[in-house]
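One chain, chain A, links the two complexes that follow: it is found with chain B in the first and with chain C in the second.
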Partner chain A sequence: MSFGAWLELIASGLITGGVYALVALGLNLQYGLMRILNIAHGEFLMLGAFAAWLAYTYLGVSPLLTAPIVFVLMVVLGLLIHRLAFRRLAATSPDLDVFEARGLMVAFGLMFLVQNFASLVWGGELRGYDYLTDPVSVGGAQFAANKLLLAAVALAVSVALIVVLRRSLLGKGVRALMQSPVGAQLVGIDTARLHPLMFGIGLGLSGLAGSLLSMTYAISPAIGEPYTVTALIVITLGGFGSMTGSLVAALALGVIEALGTHFGSPSLKPLLSYGLFIAVLLWKPNGLFKR
Partner chain B sequence: MSTPPSSTRRSTVQALAAGAAGLAVPSLARSQSAPVRVGYAIARTGPWAGGAQVSQEPNFLMWAEQQNAAGGLDVKGTRRRIELVSFDDRSEIETCIRSYEKLMGSDKVDLILPPWGSNANFALAPLANRFGYPMLAPTALSRKLIDMHLPYFFSLLQQPDRMMGALVDMLVANGVKTIAILYMDDLFGLENFAALNAALKKTDIRVVERKGYPLGVKDLAPVLRTIKDQNPDAFIGITYPPDTILASKQSKEIGFNPKLFYASVGTAFQLYRNVLGAGAEGVSGMGSWNAATSPGAKAYFQAHTAKFGGKEPDRWASGHCWAGLEILTQAVAKVGLDRKAIRDYVAKNEHKTIIGPVRFEGSENVATPGSVGQWQNGEFEVVWPRSIATAQLVMPKPAWK
Partner chain C sequence: MSGRRILGRDLSVLAVLAVIALALPAWVNEFGVSMALTCLMYVALSSSWSLFCGATRYLSLATSAFFGIGAYAGALTLGELPWLAAIALGAGAAAALAVVMGSAVLHLRGTYFAVLTFGMTELIRHAVTFAEKQIAGTVGRVLVFVPEPGTVYLTVLALAVLAVVTSIAVRRSRLGLALAGIGGDELRAQTLGVDTRRAKVIGFAISAAFAGAVGAAMSVRWTYIDPATVFNPFIGFQTVLIALIGGAATLWGPLVAAIVFSVLAEALRLQLPQLYMMALGLLLILSVLYLPGGLASLRPGILIGWRDALLARRPARRAGAGKVRDA
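And then the complex of A and B:
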């Protein structure tokens, strides 16, 4: 294989991995921080995708412009959902394990609600549009412009999130919460404000990923679930609560899938991702990056 | 227990009065007759919905609406309103089967309409057969299902050997020497793949690559790159709608532009033209009719587009679905709602439909030849075989735009 071909292969894996990262980071914020296993995470990706499709098809607005708006709207929606469902749940649950179990049920409900809402409004058929699909050459390899853009935004947002969590006071508070919720409250971290915000940002990232993905894939109300599953694999691989872990695990999964599809067959993909998942769990049950 | 005589007398008088009223005002009697209850389950959510909501359910709704607008379905000369009883099967075989069990077993609807896709039809056909409900399926592509010889099951689409046979004939006629095949790992994909290989055996065409992929695939670029390096004359994708689009977009992305680019289900959808834009030009796929096929097809196309706000029927299964409804309508007009009689009528006659004549041998529609379609200037034209073609094949395919 030539250098260009290798470059293409690895880069296409990294592009897929970048998208996985964006979706997984959002879920990790929710699960790692608050133990909300948001099974409906992918549904908000689907909503983001529909928003971008609507804006482009009916108003001619570029998905690049829609994406940040979707992010903000999803954060607001997240705050609302947290207030309606999870705040009360947190107040009435005797301990964190019960909260987690109840939260999972609520998230299942959310999943059906959101999916059926989309089916009701837009119907079950596939949708899509043509935006920035012309190929761009980079060092002998060729990619669709929208994919490069997708990867760039996904990586930039992921890295930005990690840096914010590492460097800022807000990030310090969030990390403290992840390490010890009670300890964090004792030193004066305001969980009542931080929790909803992080839940909202989680949804925001999912919606953002959705609006970007709608440029490259056909969309329907059913597209969300597979992303939730991938995100679960990624955050388990990387370790709950570890943002860097999620990013690395997502990129690795993307590249391994690309190599497996090229040298084996696309039918091997599930075998590869789940095989890797099982292997890592056997070797490091808490994830690669959990200390 | 004996009925008091007075009561009998009263009901007799009532019956006479009602009969007189009925004679005097025939339309009153018509509107009072019970509706014809037609049941079905189809995917409105889940992965099957993409196909079901384009090729199938819109036709059911439009059929009921058109018949009711005409005063109802003609049941041996009496007009009776159609009442659709429908469920969302959520793209799950179990839900689909359970819904039909309820419809046929406890609701006892008059007629059923089929679910979407080879898998669901495969699971339902034996059950419908046991209950004695005729099933005119527009989206079942499986030789195995035909070979089960179920007397109540009729498949309107051309079967894999016909579709792939037509494709291979066209490849040979156009001097194609090498091809690469990408197919989906399910009943539909595997049967078509096998039929394609069988058809290729009789030719000198060399297959440079055969690769399968699973449902829900998100990235085909690595395989397409492998195929591109081998530079085949033709690419044959046995694909479902999301993958048809994915394979096309990614081929454009990596600059893979063989002389003939063929993808299967979904190529004939309006969606394909919307998503690929000018890039759709010259792409071939499974298609068998368009508005130019017959005056009936044109009227159907226009009615569909008008009813669903510009949404066009797909140029393959939609037409076959409508043809099935035409056949059912004719059968009920001739023999009424006796399901055995409907079955016999469907089995024994040649039917005139918008896609041309339809005649069944066993469960198979043997009158419609296998066919190939191609996007040309915004229309999905039938390009093979020449007997039903609406345009000439354009080969080599122009570059992706």
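And then the complex of A and C:
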């Protein structure tokens, strides 16, 4: 294989990895921070993708413009869902384990609700649109411009989020909550405000990823579920609550999948990711990057 | 009510229901029979799921793996083996899978267990798809030797009755007590001398055997099977949802919910299948939030509690706000 082909292969892995990172960071905020294993996470990605598709096809609005709007809408939706379901759940559950189990079931219900809502409204067929499809040549390798754009935005947002969590007072509060919920409350961190906000931002990131990836991939109501699973794999690999771990694991998974698909066969891809997932959960349930 | 009287009541209710189901094909048309068959399938699946998962509070999402393995085991051997042997083989294959899977994951509780069983189910589905495509060179299989529709109906009816009878029997046995103890407090059960690992694996295998047998019996109804149909995750999800909404810790909750939701599903299937799924999702959320024990735990007292909570909402919020200010 030539150098250009290798570059193309690794870079295409990094491009999918960037999307995985965005989705996984959102899920990690929800699970790492408040133990809500949001199995419906990918469904909000699907909603974001449909929003971008609708805006582009019917109004001619660029997906780059739709993406931030989708982010804000999803944050609001997240606040609403948290207010309606998870606040009550947190108040009525006797301990964190019960909360986690019930939260998982509520998320299951959400998955059914949202996915079937989408297939009721838009039907099951694949849809897509053409936006910035011209190839761009980088160092002897060819990429579609929209793929590069997708990767650039996804990585920029992921890194920005990590920096915000590292540097700002808000981020300090979030990290404190991840370390010790009780301790954080004792030093005056307001969980009643931080939890809904972070749940919303989690959904926002998922929606953002969806509206970006609708530029490059065909969309249908069923696209959300694989991304949920991938995000789960990524946060188990990277460690629950570890944002940098998620970013590294997402990029690594993207490259592994690209290599596996290239040298094996495309139908190996799900086998590879599920196998990896189960192996990591069984042998290192706290993630590869945790001591 | 004494234990013996409860047993008598449960068995007689079951006998009445079984006789009704047995007589049903004589009264109703083909559509009615197909609806009844779906009801029976979900009665067997959700009752056997609750047998293990309801008692121990382990949330297994592997039902569709057992169903699919059973369907494949039955379908591949149907030409050589007699009907009942093929069903038994399906049950055995699923139980064997459950023993292997259970030994690997049953030491993990809560979300880990749920997510791992789901991951393994998907892995098995993709592995079967991969094997079919690469080795056998096909996508699906056409079933040539198909028994009479009446035989299928009777078999699934027998499996449903057997699932409920097994539930009753297990509840009254040492195994049932051990499973309930694990659900209450696993560490304490272990301290009191329950071999929790063994009890969990046996319970998981029994519950899987029914899913496998139902899979083997139902596969012939489609006459063509492929991994996407028989490993369909929605069969598993729907089982879990039905059991949870009905009340997984109870005997009759899953059965009643299975009948209600299967009728609803078949009635809405042709016009608005998505609406049914949406209703199922919404009901699950509502029942987890307001009725964690499922519909079977609904008592007049709970309704009165809801009314009082609704009436007391405004003053309570004011009082709550005052408390925050005080703190």
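Definition applied: the second predicted complex is superposed on the first by the 282 of 291 C-alpha atoms of A that agree within 3 Å, B and C clash if a C-alpha of one lies under 4 Å from a C-alpha of the other, contacts with A are read in each partner's own complex, and residues count from 1 in each chain.
We adopt the following convention: a contact is a pair of C-beta atoms (placed from the backbone, for glycine too) under 8 Å apart; a residue touches a chain by one contact, two chains touch by 3 or more.
Because the structure is predicted, anything quoted here is derived from the model rather than measured.
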| item | value |
| --- | --- |
| Side-by-side fit of chain B and chain C on chain A, or clash | clash |
| Which superposed partner A:109 touches (first chain B, second chain C, both, neither) | second |
| Touched partner set for A:97, first chain B, second chain C, both or neither | second |
| Touching partner for A:270 - first (chain B), second (chain C), both, neither | both |
| Partner chain(s) touched by A:284 [first = chain B, second = chain C, both, neither] | neither |
| Which of chain B and chain C A:119 touches, first, second, both or neither | both |
| Which of chain B and chain C A:127 touches, first, second, both or neither | first |
| First, second, both or neither for A:85, with chain B first and chain C second | second |
| Touching partner for A:147 - first (chain B), second (chain C), both, neither | first |
| Touched partner set for A:166, first chain B, second chain C, both or neither | neither |
| Doubly contacted residues of chain A, that is, touched by chain B and again by chain C | 115-116, 119, 265, 267, 270 |
| Touching residues on chain A, where the partner in the complex is chain C | 37, 85, 88-89, 92, 97, 100-102, 104-106, 108-113, 115-117, 119-120, 229, 232, 265, 267-268, 270-271, 274-275, 277-278, 281-282, 285 |
| Touching residues on chain A, where the partner in the complex is chain B | 5, 8-9, 12, 16, 115-116, 119, 123-130, 133, 135, 142-144, 147, 216-218, 220-222, 226, 257-259, 261-262, 265-267, 269-270 |
| Residues of chain C defined as touching chain A within the complex | 57, 59, 104-105, 108-112, 114-116, 119-120, 122-123, 126-127, 129-130, 133-134, 237, 240-241, 244, 272, 274-275, 277-278, 280-285, 288-289, 292 |
| Touching residues on chain B, where the partner in the complex is chain A | 43-47, 49-50, 52-54, 91, 185, 211-214, 216-223, 225-226, 229, 241-242, 245-246, 249-250, 252-255, 266, 269, 271, 274-277, 279 |
